[in-house]
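What follows is subunit A paired twice: with subunit B in the first complex and subunit C in the second.
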Partner chain A sequence: MSVLKFTREQFENFVSAMVKSGQSVMAPQAKNGRFAFGPLQSAADLRLDYDVTILPPKKYVLPQTQTLLEFEVGGAFRSVDSSQPMILLGVHPYDVAAISQMDELFSQDQYDKHYMDRRCKMTIVALDVVTPSENVFASSMGTATVRKGYDLLLTVLKDGSVLAEAATEKGQQLLKLAGSSTPASEADLSARKAIWESNEKNLDKHVLKCKPSYLPKLLDHSYEHAVWEEMARLCYSCGSCNQVCPTCYCFDVQDFVNWDLKTGRRQRCWDGCLLENFATVAGNHNFRKDRAARYRHRLYRKGKYVPGKIGGQIACVGCGRCITACTAKIANPVEVYNRLMEDTELG
Partner chain B sequence: MSKPRVAIFDFACCEGCQLQIVNLEEEILDLINLVDVVEWREAMSEQSHDYDIAIIEGSITRPEDEKRVLLIRSRAKILIALGACAATGGVNKLKNNFDMKEVRQCVYGKDADLPHLDTYPTKAVDEIVEVDYKIHGCPIENSEFARVIRALLLGKRPMVPDYPVCVECKAKENVCRWEYGETCLGPIIRAGCGARCPTAGFRCFGCRGYVDNPNVEAAREVMAKYNLTEEDLKTRMVLFGSKQGPTL
Partner chain C sequence: MCECCNNHKNDIYLPQLATITKRRMLNGTELYLHLEMDSGKDLEYSPGQFVEVSVAGIGEGPISISSSPTQKGLELVIRNVGSLTRVIHKLEVGGKLGIRGPYGSTYPVEQAKGKDLVFICGGIGLVPQRSFIRYALDHRNDYGKIIVLIGTKCYTMRLFREEIALWQQRKDMTVMETIDEAHDCWDGNVGVVTTLIPKIESDLPSSLVMICGPPVMYKFVLMALAEAEVPEDRIYVNLERRMKCGVGKCGHCQINEKYVCQEGPVFRYSDLALVPEAI
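Take a look at the complex of A and B:
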């Protein structure tokens, strides 16, 4: 599909048109010295230069808390649909990759209507990274750029102009909101290619010493490694690494009853495998009681278990959020995987 | 079926947690539709010795209070400790860091030795009698109180969080207080408050007490990564965490 070029002013007009379109527009904006996705009120608040958001945009497909259904105690229930048309604007490639993985996971086996309804009404506008964050390692994970999983891809050129290429019908529809633009020139396309090549190399604040596709095999031989105990010794089990992770999708389901004691709602909320009671089941049995076992589980989940469900894609996209969020500074997946690489002889 | 009879008592506290119940406002009407409140000094004059659920606010700080708690326990089918003072000892445990004589002297001066001013090291309610449920916080979240009561009325076990404040703080997408160089207690303190303080721009003071299994050893070691000392950590924990659980 053709690539369009917007001057900064033309682009702002395009964003203003999105804001006025009636769909909610969620986009990266400044928040207390960091960045967060939030409802965009004005094109001027959009920060195309953001490095990384505190939470990934997964909060829009899988909200922190979401009502699934309303019920009568012991009686009928009614599914609650909270989905609405939404433009997710300015999603970095690693987060696009993460949403694509979740799409596969939530549509396979038991089709998750509550996730998929939200997802299907969403238009994803990807944005090539302008400013690398302090802990990004997307270059190592093959997620520094993306070629699928979005409806429209934006790339900011050095002079501030913005290239836009639609990848889907939804993306084409969105472009119809844009006012004036010009077709991108050969030179513009070369400049975009140079940005892609640069990002594929330079989103590398940490460097994985193997190809990501090697991780499942590495983990086959690492279950009893000493690193799990060593790292988990400092683990608070606070679940911050889970919460900020764009591919962590575990949730807990709870019922809340109203004052009439006859009606209520069922909600799901984010859970995390590092939390002490994540694996506590009926009868108060906790099958993953040890911090080290929980610590190991997260890295097995990213490097082996989830890949086994989605055709080998590694469920760590290198956003680096867990590294920043961990108060104890023990959450860096690259550090652990590299350590395993050094110590593990594979047959 | 007759309504469950509820009595609310207070010991050493500011009564702010009972006030939080009053602050349910129109929901109070929903509450008294479901239960008979038979004693509640802060809100009514009647008294009763016949109740199913006893709710205690406050810590136990005098020998004679201990007898009263035993009596309440013997009369109640379900006993709930309401708020930090009752559930963990809370702020009242600050005094346990000092000699009791010194404490009395400091507060009462020349009257320190009068018998009715007798005091002993603060205890949480469960250090004297079995407590069935704890509603944490200084003050409590009245939405949590309401949820616990509704669960009990349905015969269900209420869910009280046993994960750290970080969970709720991250969900609100706050910038971590540690990134501002503050010694926030969030990683070891029980959630349920919706990370009120960090969301309002303060570190977590730890009013809800520790999670069941806090990694205090890690906390000591992590201090060094931030060029802080164990002493820095202790000064933050002393307000709500004196002489309890991991800081005994």
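Take a look at the complex of A and C:
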């Protein structure tokens, strides 16, 4: 599909048109010295130069709390549809990759309509990274750029102009909101290619010493490695690594009774496998009581278990959020996997 | 709405209502319930599967099915152990529960045909095993010997006493019971369930052995079966985990890469060789 070029001003007009379109627009904005996705009120608040957001945009496909059902206390249940049209604007490639993985997980086997209804009504506008974050390692994970999983892809050129290429019908529809633009020139396309090549190399604050596709095999031989105990000794079991992870999707389900004491709602909320009682059953038997076992479980999920469900894609996209969020400084997957690489002889 | 949404209108989290038609306490903590679906249609399930049981306003939890698909209605046995089950225990006949499912894997009812069946049950492990036991009794000619070993912590906690007494009177099955601690009213075996294994009068290595009990029990039973040279692919374990969603999404029931709600709760033991979290 053709690539359009917007001057900075033309692009702001396009964003303003999105804001006025009636769909909610969620986009990265400055927040206390960092960045966060939130409802965009004005095009001027959009930060195309953000490095990474505190929480990934998964909070829109799988909200922190989401009502699944409503009920009469002690009685019948009714399914609730909380989906509404939404534009997710300015999603970095690693987060696009994460959402694509989640799409597969929630649609396979048993179709989760609460996730998929939201997802289907969403237009994803991807954005090539302008400013690498302090802990990004997307270059190592093959997620520094993406070619699928979005509806429209934006690339900011050095002079501040923005290239836009639709990948889907939804992306084409969104472009109809845009006012004036010009077709991108050969030189613009070369500049975009140079940005892709640069990002594929330079989003590398940590470097994995093997191909990501090698991780399942590596983990096959690392279950009893000393690193799990060593790292977990410092773990607070706070679950921050889970909460900020764009590919973590485990959830709990709870009932809440409304003030009338007659009706209520069943909600799901984010959970985390590092939290102490994640695997505890009624009667207080905890099937993953050991901190090191929980620590190991997360890195096995990323490198082996979830890949087994989604055709081998590694469930770590290299955003580096867990590294930043972990107060004990033990969450870096690259550090652990590299350590295993050094110590493991594979035939 | 896009095409994929239109094709999937079912909500996998939506329970169907069922009505309690019978209830009685089996001991101090275990409540037996007989349920009928309000839709009038019996659930279609196989022995070994579980359902997600809801009380609107309290929550939802996985409960093994104790009845056999050969009988009408759904039987559950629920231990009073948490916030949800405490409320379920207060429900009377006519009370409503939400039911989702059935979910999970089943006992090898087909592959087991023609073979001797040995059931090793510890405590409420008898509850899901009873589904296959009753199924096998209802298809008695399809199976070889039926041998049931039941271990219970103490005399007062024994489950399904009348039913076990009826089983013991049958000529076409063998039931052996033991309790962990001696009791004035008990003159049967005393000791853990593994002490009954040497008493089995069947060619154990060619039988199919089904195990269900508290987490601590599996290791010892499996050791005893290894000693008796039962091949691992003839042993089935029924594992409990926190099957919160029942549909392979929420992550709580995972044992290594396996989701117990989908690949379990009944596993062939030989399939768990590389699953260190299982036993």
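Rule of thumb we're sticking to: the second predicted complex is superposed on the first by the 341 of 347 C-alpha atoms of A that agree within 3 Å, B and C clash if a C-alpha of one lies under 4 Å from a C-alpha of the other, contacts with A are read in each partner's own complex, and residues count from 1 in each chain.
Everything that follows uses one rule, which is that a residue touches a chain if its C-beta (ideal position, glycine included) is under 8 Å from a C-beta of that chain, and two chains touch if they have at least 3 such contacts.
Keep in mind that what you see is a predicted model, and the values were worked out from it rather than measured.
**Q** Once the structures are superposed on A, label A:Asn32 by its partner contacts, choosing first (subunit B), second (subunit C), both or neither.
**A** First partner only, subunit B.
**Q** Applying the touch criterion given at the start, work out whether A:Cys235 contacts subunit B, subunit C, both or neither, answering first, second, both or neither.
**A** first
**Q** Looking at A:Ala178, would you say it contacts subunit B, subunit C, both, or neither? Reply first, second, both or neither.
**A** It touches nothing on subunit B or subunit C.
**Q** Answer with first, second, both or neither: which of subunit B and subunit C does A:Gln254 touch in the superposed model?
**A** A:Gln254 contacts both subunit B and subunit C.
**Q** Does subunit C touch more residues of subunit A than subunit B does, or is it the other way round?
**A** After superposition, C is the partner touching more of subunit A.
**Q** Just checking: does A:Ala17 make contact with subunit B only, subunit C only, both, or neither of them? Give me first, second, both or neither.
**A** In the superposed model, A:Ala17 contacts neither subunit B nor subunit C.
**Q** Just to be sure I read the superposition right, which of the two partners does A:Ser79 touch: subunit B = first, subunit C = second, or both, or neither?
**A** second
**Q** Jot down the residues of subunit A that show up as touching in both complexes, subunit B in one and subunit C in the other.
**A** Overlap of subunit B and subunit C footprints on subunit A: residues 73, 254, 257.
**Q** What residues on subunit A touch subunit B, complex-wise?
**A** So the residues of subunit A in touch with subunit B come to 31-34, 36, 54-55, 59, 64-65, 73, 233-240, 243-244, 254, 256-261, 269-270, 272, 275-277, 291, 324-325, 327-329.
**Q** Which part of subunit A faces subunit C closely enough to touch in the complex?
**A** 68-69, 71-79, 105-107, 109-114, 116-117, 120-121, 223, 249-255, 257, 264, 266, 268, 271, 273, 278-283, 285, 287-288, 293, 297, 300, 304-305, 308
**Q** With touch defined as at the start, can you tell me which subunit B residues reach subunit A in the complex?
**A** 27, 30-31, 33-34, 146-147, 150-151, 153-154, 159, 162-164, 166-167, 170-171, 173-176, 178-179, 186-188, 211-215, 217-219, 221-222, 225
**Q** For a test of understanding, state which residues of subunit C touch subunit A in their complex under the given definition.
**A** 1-2, 4-5, 8-15, 17, 54-61, 79, 81-82, 84-85, 95-96, 98, 215, 240-242, 244-245, 247-252, 254-257, 262, 276-277
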